[in-house]
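Just passing along the structure, written as structure tokens.
We just call them A, B, C and D in the order they show up, numbering each chain from 1.
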Amino acid sequence: MKKMDPDKAGHKCGVVGIISSNNVAPELYASLRIMQHRGQNSAGIAVSSSEETIKAVRGLGLAHEVFNAENLSSLSSHSGIGHVRYPTTGDDMIENVQPLVLRSAVGDVALGHNGDIVNSGALRDRLENLGWAFFSTTDTELVLRLIVNELRDMNDPVRAIRNALKLVEGGYAFTLMIGSRVFGIRDPLGIRPLALGKIPGGYAVASESVVFDMLDGQLVRDFYPGEIIELTSEGYMSYPSPLSPEKSERASCMFEYVYFARPDSVIDGKSVFEVRRNIGRVLAREHPVEADVVIPVPDSGRTHAIGYCEVSGIPLSEGLMKNRFIERTFIMPEQGARENTVSLKLNPLRSVISGKRVVIIDDSIVRGTTMRKIVQMVRKAGATEVHVRIGCPMIVAPCYYGVDMKTRDQFIATGKTEEEVAREITADSLGYLSINGLVEALGMKSSELCLGCLTAEYPTRIPGERMRFQRSLESFQEMRSASPQIMRK
Amino acid sequence: MKKMDPDKAGHKCGVVGIISSNNVAPELYASLRIMQHRGQNSAGIAVSSSEETIKAVRGLGLAHEVFNAENLSSLSSHSGIGHVRYPTTGDDMIENVQPLVLRSAVGDVALGHNGDIVNSGALRDRLENLGWAFFSTTDTELVLRLIVNELRDMNDPVRAIRNALKLVEGGYAFTLMIGSRVFGIRDPLGIRPLALGKIPGGYAVASESVVFDMLDGQLVRDFYPGEIIELTSEGYMSYPSPLSPEKSERASCMFEYVYFARPDSVIDGKSVFEVRRNIGRVLAREHPVEADVVIPVPDSGRTHAIGYCEVSGIPLSEGLMKNRFIERTFIMPEQGARENTVSLKLNPLRSVISGKRVVIIDDSIVRGTTMRKIVQMVRKAGATEVHVRIGCPMIVAPCYYGVDMKTRDQFIATGKTEEEVAREITADSLGYLSINGLVEALGMKSSELCLGCLTAEYPTRIPGERMRFQRSLESFQEMRSASPQIMRK
Amino acid sequence: MKKMDPDKAGHKCGVVGIISSNNVAPELYASLRIMQHRGQNSAGIAVSSSEETIKAVRGLGLAHEVFNAENLSSLSSHSGIGHVRYPTTGDDMIENVQPLVLRSAVGDVALGHNGDIVNSGALRDRLENLGWAFFSTTDTELVLRLIVNELRDMNDPVRAIRNALKLVEGGYAFTLMIGSRVFGIRDPLGIRPLALGKIPGGYAVASESVVFDMLDGQLVRDFYPGEIIELTSEGYMSYPSPLSPEKSERASCMFEYVYFARPDSVIDGKSVFEVRRNIGRVLAREHPVEADVVIPVPDSGRTHAIGYCEVSGIPLSEGLMKNRFIERTFIMPEQGARENTVSLKLNPLRSVISGKRVVIIDDSIVRGTTMRKIVQMVRKAGATEVHVRIGCPMIVAPCYYGVDMKTRDQFIATGKTEEEVAREITADSLGYLSINGLVEALGMKSSELCLGCLTAEYPTRIPGERMRFQRSLESFQEMRSASPQIMRK
Amino acid sequence: MKKMDPDKAGHKCGVVGIISSNNVAPELYASLRIMQHRGQNSAGIAVSSSEETIKAVRGLGLAHEVFNAENLSSLSSHSGIGHVRYPTTGDDMIENVQPLVLRSAVGDVALGHNGDIVNSGALRDRLENLGWAFFSTTDTELVLRLIVNELRDMNDPVRAIRNALKLVEGGYAFTLMIGSRVFGIRDPLGIRPLALGKIPGGYAVASESVVFDMLDGQLVRDFYPGEIIELTSEGYMSYPSPLSPEKSERASCMFEYVYFARPDSVIDGKSVFEVRRNIGRVLAREHPVEADVVIPVPDSGRTHAIGYCEVSGIPLSEGLMKNRFIERTFIMPEQGARENTVSLKLNPLRSVISGKRVVIIDDSIVRGTTMRKIVQMVRKAGATEVHVRIGCPMIVAPCYYGVDMKTRDQFIATGKTEEEVAREITADSLGYLSINGLVEALGMKSSELCLGCLTAEYPTRIPGERMRFQRSLESFQEMRSASPQIMRK
């Protein structure tokens, strides 16, 4: 039997939910395009078609491939949620495209998810042994069925949501519709981001604050860890976590700042752009070098490079030209296809590089294969020295909360020194940002961050991994004293 | 909330299941094409991909539009089930295309359904109030979830099936897969047909016996009412209804013989072709007429006409030419589109009709609009008299067991005499087969038949309708003494 | 370079042209559906979008697959032509789908073609050597460019058409649009059929008269050999062949009557249905047999069988059940696919056949493989004797005028006696209609018919074949004294 | 009749041709992706399938939407040409997608075109009056038919090409296939770019040199004005213009450097990147300003901005964030859709802009509507002053040679002063590059450039426009003494 693969859940997705006195379909569609960088594999919108019914359009591909004037017209409504999903290899079944919609006694219920439920495999096994059955392989369906199961005999949806979520562990941001009502839900440690915004005509929740800017609205605030918010067109109701804010642990994902989020977003009070510029500055202090020109890897290293140049005084130049039409998969019918891909995406500018000592700046290194090709490309274009500076510490451990890095052997840095990695990517020198440098650039306490992929210590229980600190475990256990009634079904 | 519409369930469908030492995918596909007359709206095949997992391909359209060499290759397996579904207005969601597949603790489970669950609306309400949730609007999902719920703590699937089916009433034929195991299930009164066959390499169940003929196999026997059969490649295991055969009521749907099944099928021991020829003969005795030529409405009236000519001695001729490419919907961008449809499908042959007294033979009349146009078409082609003879008694009441006739006001015959109907269709005379004539032609006892649409007396409890006889009710109640454990979920 | 394959030209197609005070798009679409039996490979409609411009929608597939409410709406017009094309193996390029449209000095010009230009290969070579270039591989483009070339300095389109057609030989029926004007053109010997009809609001030309019936109009008359007719909404202008009708040879294709046309069409004054019934009667006299039942091969042999039964007195029965959904190609992913096809299309009725001496009636035998399978199928169903009667003489020679029979070695009858063919198809006896019997059944003189595929004598010059009679050659030469000006381009 | 619209011809396209001992299909496909910025409307590849035949795959959309592993495999060959076309409104008929292929006496001939034939309308009228007919509305078909017409009785293809091109005027770069032979052709003034390159296994021509870099090859040299080059896998044959190089006028399009070409291309010996950086430097000297930050409009203004910062000393920052997934059309089902588009593509970074005096740099202004929105966006984000600097002089006149700027009233600058334009775009100041500054930055003589859109003086005869200098006209007339034989057809 095909079990849910925990790798294929809600990873690196974008969620949005809107209630408005205007038609929400165009706003939801625009939101998905604005957050397209969070997921290019599939897109979906679900809207209320009456107080109790929900209508959805979902498909594989980019938002503009899934939606058109005709199907957006059919989604005209005053409340709805949307979802984009990151490309993962395989399992791109249409059944898994979100938001998922179920029909229940209290009306249709829909759920969109960004994140990862750590215990979904075990939980699903347990439920299936109780007679439950699933049509998709997502942990989103798991959570949705848990919520619907609790909705059956109560009209307090927040209590139902809390009861259901007592069973699940992980990092998540949900947008949930029950009939025409819209809720946002953030995980108890605030691992995955979720923001509340005011837009013309109503209120919205979204993975990134840039959505509110571009809908001519503004960020109200980020969700507190564990908070549930229900939107109305005139305001919102907050249901904070039962744990008092003082007791609450935090574990914001550092990778959202370093790489994943748009630079024009603000997450948990920090501008992503400013964090990246700060990182560049810290990097210049931690890893100075004598060089003639700083060249960012477009587009990801550009902001870091500006900070690096400010501090180092080395002039910035464009030097790697990007083909902006090669965002997506590039299938070649010949051998050696993947080799070609980098050189089709990037082209070095000989006049800028030739005879120069070059500093290449990028945001992070995971596998290292792309950076190796870039170094060689720059050297072939005539660079006399190639120095690489990376705006993220060494990634050495998997992410269990929704970023697509799953096994230790995929990381170039695992078990290596900086010098060894430098040799592997054929650079003259290599400088990674330090963990302390990252914390400084972020301006947060390390205890407020999830640094699991850097430290191999995680903010929640993961079988076989170390936990970050004991207090978190206690508060989790307290929170998770599930009423026996939950499992009755 | 969108409740399941009892009109849109498993109506007029075809089911098939095969276990074989050969690859079953081509056989399942061929079976769907052979039973395409039972459903042109969608087609699907589910096969076992391991002992516990099931793989499915499903889509809207005819079988040859859904399947191709590539996706059939991906379905290579030794056990599988298939389904075709009748066109119904609206609600053609891809979620509803069968076989439906769910993932459960004991492995994947798939179900295909021909028929109608009479109490599905009430049952679904009850389950939703217990926290269940559905992704489709079919009663097939309802039955499938009931079965999976029972499968959780037992490895006797037949007992699980029986327990689940204690909750449902209606006419149904199911093909069920649990992992790689294949089951056929017929309703307790045998309303919907289901047959067991031997084919090269294995065994099969199908809605019609013609499937076995065309796969170079043969009919073994029809399912007994209430019987469950599990197939193996070397044989089959029968699980008869707990009610002894003598006590068992029967209620074979007369409309399968009159109209729905292929003439080359044999259902419950009766050749459909011979039944139709008999009907023609009885009709000639019941409604003789002086005329020059007998013209069948192609293709449905052709067999009845041969019987009519045998007894009446009036010569048979083709006289209405059919456009064999206009089987499917005909969309015209102008007003009056539906008016045109009949005249695009049928064209009268003036040389055969002109100056003649014509007998038109068809299998049945439901709404009467098509027959009215045919009569006028024949008269316009020069017929001096037009007499209509119909191989089915007056249809006056809805079907609740899977034939797409739902409301009394859609029938031309409701509340009218034969003469009144004749006037409405502008025929010089009109003769319907009598109910006694039908029973005679079938060669069965009336107590073995479901004649609900003719008599408005039904073999099961239908709220607001009369029940055929009390004994059935008693046996139902006995059979349906559900264990309290069933409802625990 | 890819030369035009003379096998792939305008074979077995259907053409239609309409001018009307109503919108012609729905009528053209309906006409294509009515003539769908003449071509299932592609469909196209071209209409005038102004006095000089033409708009077209064309595609591969059946008419209802190519057209929809939206694209038909875009074709709203008062004059237009349509085309369906027969499936041929390979070369199904979209460039070849008709009507073809070219832009010329006098406006857009469009052409649809049913037939075959015998000398197209040689003619095309000659023109290419003069600097002409072609974008498609059809002989339709050849004829269209010849016409456009002549249209350049004259406003007498009929003279331009005649000049262009002096260069081509063969059997053809064209519908031609020049701007908003519509013409029909039939070849000089009337090999291919073309009929003129009156419909509500205007006038039409079509390959078969059934089109006019079903558009609520009527046949006015068939085109004379060599005639050009221009339609208007109030009438039509006839431009007869310059040869006087008395001198004119005729060569109507006998295969249209025997097999290709719909039975409800009338071609050159003869009802196709009556011809087929007559054939059945003649066949019964020419090849009597002691038997119990006559079974037609559906649907093609049904009319012939009625005639056979009338004379022989043997009762008729349906005995081979046809799957009406298997009209089109049947792809199976396994070996032996083609073997299966016949048995999926036809199923014998054991109750009708078993223990009987059976006469099978079909319209014609080309390759013989299907009939062999039918004989074996009937024998396996229990027939004690199987006698085959064929409503067409032995086909022994290719057709060069538009029927898809091209090489002698594809015919089962070439060089064999009736007895030898009988053995090959495993029949107890086999009777072909005689050529004299065919002529009698048609009620025409043999000199008015093209019997090339039966006699290997053709009505036009074909390199390597015998010509039917000398007079035809003379009249051709007279007609074809082309002005030298023609070739100047 | 639909005449060819001179606006819809070969505008802003990319062409490529390759002969190689390797399979050229993957290289052609990669080339189209590399030049995707030159045309996003359609893509096509034509390859030789034998010495005389050509096979093509063409479609609407981006290259990766038109091509896949399957159809690229079908294009395996050792010689071929490719084409991408710019989006133009309307007339996106599949018939117009290039390369166009015609079948001629000497074999198949294919043509791809970047540019514009100024006299195509008049020429087409003349040819149609001689009996020619066209299936597409492109000037590419016009040129292709002229070439084929000349190819008929000669085996010197270069003479045929020259004879055909004597009839056409304009700016053009062609890739031409005759059977398996591949030619590149540049217009007599070198208006449109075309480059020759060596790649592994063979030789190539392409609109931009970046293609050779990314195929691991290198630029050999640009085509001379009027030059024809035939490729072989071992080398190339040059057929220079009959005018000696000294006499030859030049008129390189300045807009290729300013905006259209990729920065990593080298055109006529000048690096596009260096030209743009120079432009930024000149602009800083011509239009200095007191400001706090320089922000480029991404991606087009980035290189100009680096030059501006070098000279001005004002710090550079990213300040407008671009949504890299919104490259293509953005359809919104609501009013005000176009208003939204800019704000969905660009988002200002408040932390960079707020309280600052900002210089916005972009490459050019055509209509001015986008820049007006950017200024307002930046001001709303808190800029105290907004100064705009543009790396191209005022565009005031149409382009007739292949850039999509056609009518004077579309330009914001026509008839206005810099101050008036500044007011219209609501900027505090606006500085355009001067024409002299552009010439300086390019490092070429103004007599070597086409500056028509800046000066309204054109290098060829355009009815109603001034010609740049008389000598050009004379040399054109000399070159264009067409043999009378040309027009005979």
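In the analysis below, contacts are C-beta pairs under 8 Å (C-beta built on N, C-alpha and C of every residue); 3 or more make two chains touch, one makes a residue touch a chain.
The structure displayed is predicted, hence computed values, not measured ones.
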Those chains which touch subunit C and also touch subunit B: none
Distance from the mean Cα position of subunit D to that of subunit A, given in whole angstrom: 39
Whole-Å gap separating subunit A and subunit C, where each centre is the average of the chain's CA atoms: 63
Chain centre separation (subunit A, subunit B; CA means) in Å: 50
Touching two or more other chains - residues of subunit C: none
Pairwise chain contacts under the document criterion: A-B, A-D, B-C, C-D
Partner subunit D, residues of subunit A touching it in the complex: 23, 25-26, 29-30, 33-34, 36-37, 40, 62-64, 68-69, 72-73, 210, 213-214, 216, 262-264, 271, 273-274, 299, 302-303, 306, 310, 315-318, 321-334, 340, 343-344, 347-349, 351-352
List of subunit C residues in touch with subunit D within their complex: 1-3, 50, 52-53, 94, 100-109, 125, 128-135, 137, 144-145, 148-153, 179, 489
